[in-house]
Amino acid sequence: MQILIQLFHILVFPGLLFDVAMGVLLMGLNNKLVARMQNRVGPPILQPWYDFLKCCGKETIIPARAKRAVFLGSPYLGFVLLISVSMFIPFAGFIPVTMGSDLVVILYLLTFVSVCEILGAASSGSPFAGVGLSREMVAMISYELPFVLVILTVARAVGADQPSGAVFSLEGILAYQEMNGPLLFSPAAIPAAIAMLFVIPCETGMHPFDIAEAETEICEGMLAEYSGTPLAMYRLTHMVKVYTMSSLFVAMFLGNRFTGIVPVDILIGILLCIAVMFISAALPHAVCARLKVEQVFHFYWTVVTGFALAGLLLVWAGV
Amino acid sequence: MNMEHYPILAIISLFLGAFLVALFGRLNKVLRNLIVAAAVTIPLCLMIALIAPVMIGGQVIGYWMGNWAPVGPWAIGIGLEVDALSLFFGLVVTIAVFVSGLYSFTYMNRDDSLENYYTLFLMLSGSLLGLVLTGDLFNIFVMIEIMTMTAVALTAFRVDYEGALEGALKYMVVGSIGSTSVLVGIAMLYSQLHTLNMAQIAAALPDHQNLVTVGAFAFLFLGFSTKAFLFPFHPLAADAHAVAPASISLMISGVITKCGVYGIIRLAYILYQNINEPAVSILITGFGAVSCFICVTMAFNQHDFKRLLAFHSISQVGYVITAVGLGTALGLSAGLYHAMNHTLFKGLLFLCAGAVQYATGSLDLGRLGGLAKKMPKTCALFLIGAASISGLPPFNGFFSKWMIYQASFEKGLDTGNFFYIVVCVVCLLSSVLTLASFVKVAQSVFFGQLQPQFENTKEVPLTMRIPMWILAVLCILTGVLPWEVLQKLVGPAAAAALNAAGYIQGMLGSGAAAGAGAQAAFSMEIGFWGPVSWLCLLLIVSCAVCLVAVLGTAEQKSPEERHEMDRRAGRTAAFTRDGFADAGRILKPAEKEGHYRNPVLSGTTLTFTGEKDPKYENFFSGEESEYSQVGGGDLFWGFKTNWRHYFQGMRRWHSGVINDYTRYGIVALAFVLLYACLFL
Amino acid sequence: MIFPYLGQAIRNLFTKPATEKFPLAEAPAAQPHYRGRIAYDPSVCVNCGMCQKVCAPQAISRDIHPLPNGDQEITLTFDLTSCTFCGTCADFCARHAIHLTEDYMIVGTKPEDFLVSGTFTKKKPPAPKFTPEQIAAMKAAAEAKKKAAAEKAAAETK
Amino acid sequence: MFQKWIDKSMRKSPWIYHINAGSCNGCDIELVSVLTPRYDAERFGFHLTGTPRQADIVVVSGPITMQSVDRLIRTLAQVPEPKCVVSLGSCPRSGNVFKGSFAIAGPLEKYTHVDVSVGGCTPKPEAIVAGLAKAAEILEEKRREMRKHGGMAPSPAVAAAVEHEERAEFGTGDATAVRQGAEQEADA
């Protein structure tokens, strides 16, 4: 019986189906909000779902030069890895996999998901994909530094009184927030939260920072040679990553169990995810133009790292 | 024959093998290979046999050569001391020696005078094993000398290879600085303590502390860090590894650096037991972190596959030294675990580089590309190695790096010293840069477009791939079962290093005393990470995804089937527009022939004479797809432009001139001496 | 990295979007003098061919098909896919048979969706009442009468 | 299982790839203006992509100049099935004022079957939106037919042949020659 509940948790509620549904919802809302901010009607909320279905229906062309196994395999591997990441992140009190979710493990799994996309691009053998994957790598280098600093800050802020000095596991962080309120309200964590809000658009490749899939400059960059179901899987990974990152932010800074009543918690959790997505992804998308490669790198290693370092120093000083 | 004699037997079998190959090697090839194979497998079996008593039993083997038992407190003869730490490094050495020997049977078959090669190779392996197992300080110096000289000779084995002699010369000159500083250190210690046996030194040192022993510490530390190619000495590592044959660069980067690490651990944890002093810990961790960061950024720009791997091996050794320098139990076990992982995945990567060189003859990242289709198995092996070194979860690099971050962060919090937080961030950052450079290698060697001249490269023979598969399987095993490896191998080794009393008692006691060797009492409160249960989680989710994928999409027919279906159903091309004719005839949109190439109608698609079906060609915004590989130097443009001043400084600094490198060595020696006198 | 128009973007969230409801509602009318689809009134046309002569992209084709009773059945086809909607034909048409309407929804899947044609039959001009000989004779009679009148006038003045 | 949904979703998310075969850029700016807030084609899921691999509707503008024929043919071949071709403005369909010039390589019909044409020399954005919506519907039918034919939409040539017979009486081509061409090819 326990297995069935476990399977339900893995495959349906906080697992596969819920992630996909939330990913589609968040991406649809994101497009709608961006459109409304640009004073136009914007696509229906379920548009990402129609895009996914349409891509599934299309023919899959495998270029002669591509390495077939890696070309077809890496989209699915990337998606499955991302679902396993989103299962580490507790949502509204539900921890789908009782395996102890650790921030460093999540950091490295997210890196693995981007590596899968890079492998797919490399295996397609197209020069556009080559440029795309080099830009994706530069983007990864640029957002990894602030992301690491934020993780260290949160671990220190939560674990100050613990014997080991730092709590990296998300359950510990949530337990701490249950006792003394969301982390966001303590002054030390505000710069770290701002830094994290900047990291989310670059990690998920949203508009101002999507130097890897710039459709105008390098013809869809990494996905230049993809069509059909592999392309659908990559776009689905892109959508679910938006959900994973915003639910990670909610788990890290806003806590999980708000009222104790499960359905209400889930609703609040969803609304918070939407709010985080709006601030971090929709606003910059509607307002800014795409940055150049070294502008992204320069911006992340000076402004965003400045916020993250300020957070770390504040926490270090024991505020 | 009880297992007292196993250590000396292992060392002797290697040296004996070297001697026999020198004698009979020239006679016939098969005999020579047989001797080498025997000489290489015996120590491995002996070391594995020793695991049970030493690692799990916790016994410390003290073995006096020539049965010169100690007289009272004074140790006269040379003693072999094998505790869990020595055995751990012994295992690492013998695995690398076994794999490298197996690999060089086929890898070197295109060279000549191979008996010299195998003599030097077995001498090198014997000296490495001797260095690790000996309990006598001067014996360590003797083994270091043999190791350096044979490594120099082997680096220059392919004399005609461009840069081989220069690399070997540099290695000899700067290597000898290291050896002489070790010798000076030993002399200073001997002058104070009148003994050379490490256990006795460890016992006598605490009450003989004066300026001379502090100077000896500085000399010894610098000598060992030269062997480990740490910060000021790392450029020569790149020159030496890049030109040596692949099996030898595996030995240099995988094992010789580990002996430098072993020396530093022995020095700081057992002899002087001063690792917990903040000054010593900061010195060692500082060296480790700086060499880790500088070598990763240097590796970023390399154009040669093996030079890039060389710089990466020094940055990984930097990780190990950082972890070792922390002094906490968690830090030391993280360092040891990463040392073992490093030998495995770095060996695998060097053997892949050797395979690429064997198959295509070139290692230039700018010219290679698209080898995945020609050498699929080597590409798979390379991906396993690259995933392990960049620390992706199911592979072994991840767990040890994670332990290092956790250890350095907690050390920073306990001591309240912000230096360790900076070290932790630098390590995390180097991990991303490692991943970046291996993405660069993957794109410019295996993926991307194949250059016409490498059209007929073939896969390397199976005998070369077996050692690579051994290393790959070990990489995956140590990655998927981290807790077992920690309990069985790394834990006892760390415990042995931490309790110096056990070491002394083991040696000077009744020679086979049952030392303490209790399981390390350090608390391993790493966040829980069960890779096995994570993998079955992956399995469940991937089954669900594949189920949906199979149901959802229309079945994809291959182009030939589709063509056949068209033909059978009579649906063929007969364009009806007035400018057309039936299939096959060249269309003449414009009457004049001129430069313009007429499209030909073939089947259902319009193509051009002599050009492949554009549908399956890469998208070149309409142009005919010709060779234009994006790889090697033109990747990571954004990062390089932002850091161009740093990289220009690095290029000026790594001038490649021997006197510059020796000057850096002397400056480093002066700095360490000054630092030791001031702070220790 | 600055965030321009942030305030404007937030305000837009709460204002009505400026998008036309085109496909859901019917298409908005074009500007007053928009040159759209060609309308050809065959009844007025006299087949002078001026429009065909001045049409730059030769979009207009004329097909004159003689009928058995001598009439001509003339069809003019305007091929909208090769028309640049410059309106020159409408200006030069003396009979104002062609004028460009404001219908811009020129969308079609088959070529003949874009063909505007009109046919009219040009009556055979009525046969002259007199045959040429009769005309010659009548002419001769007229002159004779004129001559006679002139002689009579001359006689009276003498 | 999802097949019906997928057919419907073909109409709901048609992605556009624009090929400029020598156009005067009048139609190009009109096409891009379709995505602006005033006309907002994104309401119906239209999305301008960078590669033909991700395209469903290929919009061609301009009178197929000599230089652009190679590129047009290669790019059209690289679009995955079911695809639609939309000609924008009157140039692709007839060459407009450049008809008969040495520099253009004939109407678009010569290289592929044009599904929808949007007339007007720079057609108004509403006309383009209507044309694209029409193409989206055709996409859905093509997808349904593709499923019946087992993964391969009827090749454009056949569609052209069938369509030509209806127009045979229009007198621009001899239908019978067409059928012989088909049989000849069939048994070859």
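Labels A, B, C and D are assigned to the chains in the order they are written; within every chain, residues are numbered from 1.
The rule is short, and it goes like this: a contact is a pair of C-beta atoms (placed from the backbone, for glycine too) under 8 Å apart; a residue touches a chain by one contact, two chains touch by 3 or more.
What you see is a predicted model; the values in this text were computed from it and never measured.
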Study note, to complete from the structure: Using only protein Cα atoms, the chain sitting most centrally is A
Review point. Of all chains present, which has the mean Cα position farthest from that of chain B?
Key: C
Revision key, fill the gap. If you tally C-beta contacts across A-D and across A-C, the winner is A-D
Practice item. Go ahead and note the Å separation of the Cα centroids belonging to chain A and chain D. Key: 38
Check your understanding: So what's the Cα centroid distance for chain A and chain C, whole Å?
Key -> 64
Review point. Per the centroid of Cα atoms for each chain, what is the distance between chain C and chain D, given in Å?
Key: 32
**Study point:** Whole-Å gap separating chain B and chain C, where each centre is the average of the chain's CA atoms
**Key:** 85
Study note, to complete from the structure: Touching two or more other chains in chain B are residues 552, 554, 556, 615, 617, 619, 621
Study note, to complete from the structure: Two or more other chains are touched by the chain C residues 17-19
Check your understanding: Considering chain A alone, which of its residues make contact with at least two other chains?
Key -> 35, 38-42, 56-57, 59-61, 128, 219, 224-225, 228
Exercise for review: By the touch definition up top, name every chain pair that qualifies.
Suggested key: A-B, A-C, A-D, B-D, C-D
Point to revise | chain C to chain A touching residues, read off their complex | key: 1, 3-6, 9-10, 12-13, 15, 17-19
Revision key, fill the gap. Chain B partner, complex, touching residues on chain A are 7, 10-11, 15-16, 56-57, 59-65, 67, 69-70, 76, 79-81, 83-84, 87, 97, 99-100, 102, 104-105, 108-109, 111-112, 115, 118-119, 122-128, 130-131, 133-135, 137-138, 140-142, 144-145, 148-149, 152, 155-156, 164-166, 168-169, 211, 219, 224-225, 228-229, 233, 292-294, 296-298, 301, 312, 316
Practice item. Please give the residue numbers of chain D that touch chain B in the complex, ascending. Key: 1-3, 6, 51-53, 66, 68-75, 77-78, 102, 105-107, 109-111, 146-147, 149-152, 154-158, 160-161, 164, 172-173, 178, 181-186, 188
Exercise for review: In the complex, go through chain B and note every residue touching chain A.
Suggested key: 370, 372-373, 376, 379, 383, 387, 390-393, 398, 402, 405-406, 409-410, 413-414, 418, 421, 424-425, 428-429, 432-433, 435-436, 439-440, 442-443, 446-450, 525, 527-530, 533-534, 537-538, 540-542, 544-546, 549, 552-554, 556, 612, 615-621, 625, 628-631, 634-639, 641-642
Point to revise | In the complex, chain A residues that touch chain C | key: 33, 35-42, 208, 283-284, 286-288, 291, 295, 299, 303
